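Please go over the structures that come below.
Both of the next two complexes hold chain A, though its partner changes from chain B to chain C.
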Partner chain A sequence: MRSYVKYTFIALLLFIVCGSPANAQDASIRFDRLEQLESKARDVVEVNIDGKLLDLAKRVMVKVKDPEAAKVAQAISGLKGIYVRVYTFANENEYNMADIDEIRAQLQAPGWERMANVRSKKNNQKIDVFTKFSGDQMTGVAVVLSEAKTVAVVNVIGPIDLELLAEMSGKMNIPRIDIESGSENKGTNK
Partner chain B sequence: MSVRKKILFALAMGVLVFTFAASPLEAKDGGDEYGKVVKHLKTKYRAKKVKVPFMWLARFAVGVVRPGGVKSFNITLFDKLQFSRSTLDAEMNAALKDSLGPEWSPILRVRSREGDQVYMNMRESGDSVKLMVVTINKEGAAIIRARFSPEKLADFINDPKIFGISLNDEAKEQEKGKISEGHGAKPPSEPAQQGDEAKKDN
Partner chain C sequence: MKEDYLWDKTGSDESVEKLENALRIFSHDNDAAFAVPVIATAPQKWSLFKGFRPLLFAPASVVIAAIAWGAWMQASRITGPSDVGFASVSPIESPAAPVIDKFEPAVEPPPAPAPQIIKAAYRPRLKKRTERTVLRTIPAEGPKPEFTKEEIYAYDQLVLALSITSDKLGQVREKAIGENNNSEEK
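Let's look at the complex of A and B:
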């Protein structure tokens, strides 16, 4: 009986240790389709902040004797990666919308939920914010933006504390974010 | 030779040994990667190297003082690059991939059709972090490599000091306040003494 409890405990531990990164990995988007935009785009910005750099940022932030830095360290402590792709085009509709829709299609997979979407006729703007949850914990965020001359995709992998993020907005070079209850529909312009 | 002269001579020899011993170590520890990128820009785009005066002194000073945890750095500037805007990004990507190896992670890449490019790569090296930044524009290019300690960087953020001199604005203002307070406390009837005190404060 004792060994049964012991093995159950070990299995549970393994599940916690191995299960969390796997869940976090699921929140990653495949950017390979976007590479086709590279040759057409006038300007390209690619940001990859993953394991090593995040560990470095955590190491620095933890040592900095500043309460706000400590909060940032806490906010990024679980993050696995931040990836950004921005493509700017010289002329309107120079890219193939199917390439962007392929990214949006990836976010229709089970686990992903659309948190907000904005559709505006001005500049043919489409913004979608998707979140992924594992139980009560948010394990990823994806933002897909397409305009007449711009395409941008942001993918954050790992647990994100929205309350902490809102608290930190406007501090330590973190852009100001106004999160209000029921604000999701305010920005929608269909 | 007096004892004082002997000490000074020993110190000078120590500095010389450090200077010459440190350079090959640095070259072995990633200098080759840097050299490959520099060589690529120089040969592929027939770039002309811009001489930065007293760079050796700045590098030596950084090696000794290690400001902000920076253990070493290198900068190479080029001008008059001859490149094709359409192939530059692909060529640079391939060159960086060949030169830097798989342990380097690309952090940032900015590519513009106008010819402006930025490539930032990073890798861990023991307890240090190596950073390499390559920027290219119409006029020229800059290659910057730095090796720093994240822990020392955090210490520097907590208490920014170089050679014991605080770079912290608050600390500076406090010092200024102390000086002005010191001046304010002096009786106006003793101008000569006031001047002496000011000299002492400075």
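Let's look at the complex of A and C:
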């Protein structure tokens, strides 16, 4: 009887330990469908940061003696990964809207909540912001933007201060990148 | 013979007459009127402090004491206990300089230090203070952190990702604020 309780406790412990990263990974989005846009797009921005690379970047951000950088470092202190895809096309309607809808469909899964959405007839703009929570803890954010000539998807794993990040747009050493206006090559956009 | 010559010159007294004749050269003219010698004095000017001069010594001594005390305090502040050592300084340093170090408030109030001594103590103080300021500012600035190529690459990637994210979030925020303003206007 005693061994039965012992094994149950160990199994429960393993479930908790192994279940936590699984929950965190749940906030990730599959970008497979977007890869076919690379050949059509005029400009492509692809950023994948997690694990050791993210740790290095955080370390640098803390060491940089800049008050704005310190704010951002605090805002992303719990960040576990960030993945960005931006495709800019030379002409309108060069991409298939179904590819973007597939991304939006992923975000209809349980746990994801649409925090904000913007619809504008100008440039046929659609912006959706989704968040995922585990209890009170934010585990992920997704931003999906589609315009006449631009598709952008951002997937953040882990908690992040969205309000502060929105305020920091164009500030600090973070350059404001306006892909539509064609000024995306300023700053660190490589 | 009358013997009163000594008293009223009646009669004669040879010895007295001889003595009179010997001392006649010192006698005065009996006919001249007696006059008290008059000493001519210049008219004195009237002065307010004439009668109080002794009293002026008190404030004067206080002023002198205050000046001496101030000079002593300055000398003791300059040469007093500090982190600046005399031994390491100055070509001007003379054998007399360490004596200033030994000044103690309880001991007899020293006279105002000679200007030469003050200079000798003050110059190195200024020099040391400047050096100390430099030493303070260098650690405050600190060495600039050096990053590896991997760190810089990771930072650039993160900044790029965050810039795109914040830009998109900023767009949503602006739209939301614009919508709120429009609804308020209506």
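Observations on the structure shown:
Quick note on the criterion: the second predicted complex is superposed on the first by the 124 of 190 C-alpha atoms of A that agree within 3 Å, B and C clash if a C-alpha of one lies under 4 Å from a C-alpha of the other, contacts with A are read in each partner's own complex, and residues count from 1 in each chain.
The criterion applied here is as follows: contacts are C-beta pairs under 8 Å (C-beta built on N, C-alpha and C of every residue); 3 or more make two chains touch, one makes a residue touch a chain.
Given the structure is predicted, the values throughout are model-derived calculations rather than measurements.
Of the two partner chains, neither chain B nor chain C is touched by A:Ala73.
Shared-chain residue A:Asp43: touches chain B; no touch with chain C. By the touch criterion defined above, A:Lys63 lies against chain B and chain C together after alignment on the C-alpha atoms of chain A.
After overlaying the two complexes on the shared chain, residue contacts for A:Leu54 are found with chain C alone; chain B is out of touch. In the superposed model, A:Ala90 makes contact with chain B only, not with chain C. A simple residue count on chain A separates chain B from chain C, and the partner touching more is C. In the superposition on chain A, A:Ile82 contacts chain C only, with no contact to chain B.
Looking at the shared chain after the overlay, A:Ala142 reaches neither chain B nor chain C. When the two complexes are superposed on chain A, the residues of chain A that touch both chain B and chain C are 45, 47, 49, 53, 56, 59-61, 63-64.
Chain C contributes residues 145, 147, 150-152, 154-173, 175-176 to its touches with chain A in the complex.
Those residues of chain B that touch chain A in the shared complex are 89, 105-113, 122-124, 129, 150-151, 153-155, 157-158.
On chain A, the positions that touch chain C within their shared complex are 45, 47, 49, 53-54, 56-61, 63-64, 72, 76, 82-84, 86, 116, 118, 120, 127, 129, 143, 145, 152, 154, 156, 162, 165-170, 173-178, 187-190. Within the complex formed with chain B, the residues of chain A that make contact are 41-50, 52-53, 56, 59-66, 90.
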